[in-house]
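Note that subunit A is present in both complexes that follow, paired respectively with subunit B and with subunit C.
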Partner chain A sequence: MQDSRFEFVTVDARVAEEIEAPSYSYWQSVSKQFFKKKSTVILLLLMVVIILVALIQPELSGYDPMNSPNINRPEMRFRGISLQYPYGTDGVGNSVWDVVWAGTRTSLLVGFIVACINTSIGVVVGAVWGFSKAIDKVMIEVFNIISSVPYILIVTVLLYTFGRGFWQLILAMCLTGWLSTAYFIRTQVMIIRDREYNLASSCLGTPMLRLVSRNILPYLLSVIMTNVSLEIPAAISTEVTLSFLGIGLNVAVPSLGRMINQYANYFNGYPHLFWAPVLTLALVTISLYVIGQTLADASDPRTHR
Partner chain B sequence: MRRYLIKRFLRSLLSIFIVMTIVFTLVYSVVPRDRVFFSDVNIEKLQKRPDDYLNYKYIQWEKLGYLKYETIQDYCRGLYGDANGEYVRCLLPDSSETKEFVSSKQEEGWEVSFFEESGQAYSFEEISPLKRALNWWANLIQIDSPNRVKSEEATLKRQIYVGKDFNDRLALMCSGCENKYLIYFDQKFPFIHQNIVKLNLGVSYPTYSGQEVLEVITSSQGEKVKQELKEPINGQEASSINYYTCRYKETLDALEKKNFSDHYADCDAIRTDPSMMKISFIMGFISLVLTYVIGLPLGVYMARHQGRWGDRLGQWYIIFMNAIPGLAYIVFIRFIGGKYFGLPSMFPMLGAEDPRSYILPILSLTLGATASRMMWMRRYMIDQSQMDYVKFARAKGLSEREIFSKHIFRNAIIPMVHGIPAAIIFCISGALITEGVYGIPGMGKILPDSISIYNNSMVVGLTFIFTTLSILSTFLGDWLLTKIDPRIRLEDKGGN
Partner chain C sequence: MGTEKKEVLVSIRDLEIKFDEYVAVSNVNFDIYKGETFSLVGESGSGKTTIGRALMRIHETSKGDIFFKGKKINQKVGARLHKELIKKMQMIFQDPAASLNERATIDYIVSEGLRNFRLYKNETERQQKVREALLSVGLLPEHLTRYPHEFSGGQRQRIGIARAMVMEPEFIVADEPISALDVSIRAQVLNLLKKLQQEKELTYLFIAHDLSVVRFISDRIAVIHKGKIVELAEAEELFLNPLHPYTKSLLSAIPIPDPRLEKNKKLVVYTGEEHDYSEDLPKWKEIKAGHFVWANDAEEKRYRMQMKIG
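Then we have the complex of A and B:
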């Protein structure tokens, strides 16, 4: 060993005592996995821009569905696309750009709030439901019964009872909406409930709540993520359907559903009026969906390599 | 198996009962009943006459089934008849009959009150949801028998006999029953028809006023059409009356006396278009078949070529169909089909007989549903392809094609099959948005329409039909699972 290119290293006893393993942090790996895809990052940026515009633009434009200042000015109706009116104007002389963003804000709020409430109640109830056989016996009958009552009937009756409005709509959509999420989670929990690692854990005396929250729910994170990313477009879509039926939000609240429904009548003459809300909505829901799916994939530890 | 079936049947009955009670509570108790008059034009005219106003409200509520209502006028009419001195005296608030009326109604548990201006007595009884549900169930199944008709006519013979109908075919006929023809044969599916056992789901009001709920959704629609009769009835060679449906009618008018030889004169008409249920079912079923025929192979293809451009394209299609609300792409399809292919953009333009009317609605139904079939088929295929038995099959040296068609596909198809009975049965419930956009007279919009117009018996009847069908279809789905997957058995419940 006379080669000058080599040199001796000293033995460090302290380092040898520790087990050498690459450091692993769950959330760091999730974010690394998530930002790996270029298309997702672009969609995420787009999403942020859309949310910001939807939150800020209606404040600036001051659009109010109860107030159409240009209704008596025929020359303002059905203006084409211009710099001042990026989406043109509609049949009562409102700038479609303003209407679309006000409606998008409502839709986004409905989607997020409903998805949040339904998912959080659904996950908590579903986890317990799937875990306890005694609860399952009761809950499965409750589920059968409530899911048999037509959804439209429940929503309509609630809206008739409490009046039509933003929070009433959210209440109506959430009152029974969490049940399907809970049922979905229940089935997932049942599948992994009896795996060996859970058996071992409960043999060691882990209490049920800890077992559910520490052993099972992290395992289900990706499934829950997928569910949320489907739940938001579904809630927005439900609002559109309800507006189509003439129930749903009242006239004072701007709504994409009512807009699409109204502008569908102009489809032959002024198709851009119809496409403006539809494509905005599609942009929102598609980016939400793709972001949700990527996040779901990234939150699955098996993809962390 | 039998014990399981009986248990499941009883549980289903209980579920339906609870659902009906909930619906009765929702419809009759939760919705404020003054809303009924929101769009009523008559109520404004009565605003200034408080007695008539109140009377009108109660009569309307009684018709909609909210309560039972009786006034002193009904009571006095029963005692003395109309328009005489006794009757007028009887109506007065301090008459002895009013006292009798008040006390007898109070004994029965009715609420008694007096009109503001005239001071005449009236009484009403609220019906509790549970009582209403029990009552509804008690009258659900009606069996026809020769003693059913309550008639004052002494000449009415009460008998069941075998006779010849107007088409010169044998039929089991009845005199004294509600229906004239109990069992009869004709050329329409299922060839043997019966009128003996009938489901009574209530009478529709205010839309389709006076018709039974089941009749509204199952009887033909559109223009009346004449059909040839083999044996002319009263000299008529052809008639638009469906004589098989004739029911007993106590008092006949002059025209009916001329046209009918007996009291069975309450008949349905033969019309050109299929019933609501049939229209929805035809379209739903064709689109369902297309959905499975297109969706499943595409899903399998996507799973086999995971990550390649075919799979990517399919996934974008799925995302798009999920992201755009149904209303939007249906309107778009209608526009494209109408403008570039000359297809009718509204159903009534060419009517129910022309097959072209069905193309665009079926397409609209299929495109959305195909996306979800593709998504799930792909998901199940990919999940299955990561299983150990697939690695084993590969290790054995089976070809990829064989692994996919014989191993993965057969396991992946199991959860898809479970939904088929439900999908077929729910074709009759129609498609809400598609039928609305194309103006199709189907089942889709009838529930929301009935809710918004307070057609309470219709809502209750439809809920019963849908609930029963959903429970039935879940059971059929489970049963089908055991047929295609011998590992699954229904009896062993509990655990996983």
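Then we have the complex of A and C:
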């Protein structure tokens, strides 16, 4: 063909294989995706502030539920909201501000410790459970039996056995709490267990433990994140519910649940006493939930780009 | 037989594979000779992938034997034989989108087998092996830090090939390696497989559902239908003298790239009612040297007649 408007090009096979896009980094993409959402960043900052105050403020105030220094000073009871007492004082003359932060600290600790233990055990057991058909036969029966009894009932009975207290509560919540996470992970593992890339790995002689840690768990990162983001607020709610019912923590440990229980009596006369712990609880739970959800979304590579 | 002089690499005898009560594959008998491309052709669900996976010891077998270099491999094998089999037998998968671990770098994916058995003296040697494998399939060493989703379908399939090649295998099960690829790059991957076969003296079991592709790459072809191999012959022999009605039906289904011819083409429909197996039961029979067919005595007589005329 003789046409000056066209010219021959040579194809370079090497150039055709090159990838133009910059190299991809998983964690960089996760953080980019996470910080893109402004509302979550605000809630994250709020959460950091809440955690710091909850850890530091009770140390400064020296609040102790077993010791009410103002109990014999009637003028200190039911003080209104002021600069000195931001949430006023309660029926025994304690600053509600101090009580709320002490309770929040307990709730956060319970939430994080329980979620941490339950997720760790749940993920490890669930991964093996989903992989081995022999283990599945036994575990599914164990799960069926235990999950048919309400969780709150099991925790209550365990608490009556162990006695009330902070570590007893955590033990009671963790003893069977990991089962639902394990079951969830087991189902997820089963979904991706028989995909071709896992067959490829077994054709290469990859042992099961590495198959789980390199082929399965990285895929489950975002569902594990989702699970944690639900687990922390759920553990906090359980603690508050149990303490509200008077069976969770003992009187020596400050608790939002017991506060809500006590202050509910003054709901008509001094509603701010009731709303202070309830709104703090709501703020903590919602923030944790939203942060967890955004992190879960960000850790799903399908959202990257 | 006429093929006795060739060395048998893989041998399958009376193989049966069951999934619970369902018999997926039965009465499978064939040998694969060293250096050849043996193709297994059949429709979806015919059991061709199941046989390939049984060879790779992914599926358990319920009856029969599979031998690799004379050693029985469809049973529990010791650690030494296991390692040897993994090195010598590798698989290329159908779907390049599903057969690579999306959360691992190409470096990890390609060196996974090397790592599992520490098939290198030091880190430098491992890197060297991985680089060579990548180059041999036309990829670049700078791809090592990339993730699978950054590659095209053809590139991904070549990563899968590199992953198998790095083990320096002798035998490769290629499970429909091109059926998930774009038509424009099918030839590229087929040519690559052919090139590697010549360079490294590989033996292929090529699984496909498309006879037209198989014709040009295979030395011998087995046609499988509903878990039974119905015909086995050298590639040209099968195309020239198809005996079994199912093979004829498959051949008639190959599209002809000429609309006028294609329009007037007569399709042969296979229903299975062509056979009368009520009394006279079928067996695996050699009609001509190297040309086997699943037939009963009456059919065998007819096929022999046909051969003489044809």
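Operating definition for what follows: the second predicted complex is superposed on the first by the 278 of 305 C-alpha atoms of A that agree within 3 Å, B and C clash if a C-alpha of one lies under 4 Å from a C-alpha of the other, contacts with A are read in each partner's own complex, and residues count from 1 in each chain.
Note that contacts are C-beta pairs under 8 Å (C-beta built on N, C-alpha and C of every residue); 3 or more make two chains touch, one makes a residue touch a chain.
Since we're looking at a predicted model, the values are computed, not measured.
*Asks:* Would you sort A:Asp12 into first (subunit B), second (subunit C), both or neither based on which partner it touches?
*Replies:* In the superposition, A:Asp12 touches no partner, neither subunit B nor subunit C.
*Asks:* If you count the residues of subunit A that each partner touches, which comes out higher, subunit B or subunit C?
*Replies:* B
*Asks:* Considering only the touch criterion stated at the top, classify A:Tyr24 as touching first (subunit B), second (subunit C), both, or neither.
*Replies:* second
*Asks:* Output check: A:Ile247 vs subunit B and subunit C. Expected answer is one of first, second, both, neither. What do you get?
*Replies:* first
*Asks:* I'd like to know which partner A:Glu75 touches here: subunit B for first, subunit C for second, both or neither.
*Replies:* Neither: A:Glu75 stays clear of subunit B and subunit C.
*Asks:* Tell me which partner A:Leu199 touches in the superposition: subunit B (first), subunit C (second), both or neither.
*Replies:* second
*Asks:* Answer with first, second, both or neither: which of subunit B and subunit C does A:Asp3 touch in the superposed model?
*Replies:* neither
*Asks:* For A:Thr161, is the partner it touches subunit B (first), subunit C (second), both, or none of the two (neither)?
*Replies:* first
*Asks:* Could you give the residue numbers on subunit A that contact subunit B in one complex and subunit C in the other?
*Replies:* Shared contact residues on subunit A: none.
*Asks:* What does subunit A use to touch subunit B in their complex?
*Replies:* Residues 133, 141, 144-145, 147-150, 152-154, 156-157, 160-161, 190-191, 193-194, 230, 233, 236-237, 240-241, 244-247, 257, 260-261, 264, 267-268, 271, 274, 278, 281-282, 285-286, 289-290 of subunit A touch subunit B in their complex.
*Asks:* Which bits of subunit A are touching subunit C when the two form their complex?
*Replies:* Checking each residue of subunit A against subunit C gives 13-14, 17-19, 21, 23-24, 26, 195-197, 199-207, 210, 214-215, 218-219, 301.
*Asks:* Which residues of subunit C touch subunit A in their complex?
*Replies:* 53, 56, 58, 82-83, 86, 90-91, 93-95, 98-104, 108, 112-113, 116-117, 138-140, 142-143, 145-147, 149-151, 155, 160, 163, 167
*Asks:* Would you tell me which residues of subunit B are touching subunit A in their complex?
*Replies:* Those in contact with subunit A are residues 11, 15-16, 18-19, 22-23, 26-27, 30-32, 35, 319-320, 322-328, 331, 335, 432-433, 436-437, 445, 447-448, 451-452, 459, 462-463, 466-467, 470-471, 494-496.
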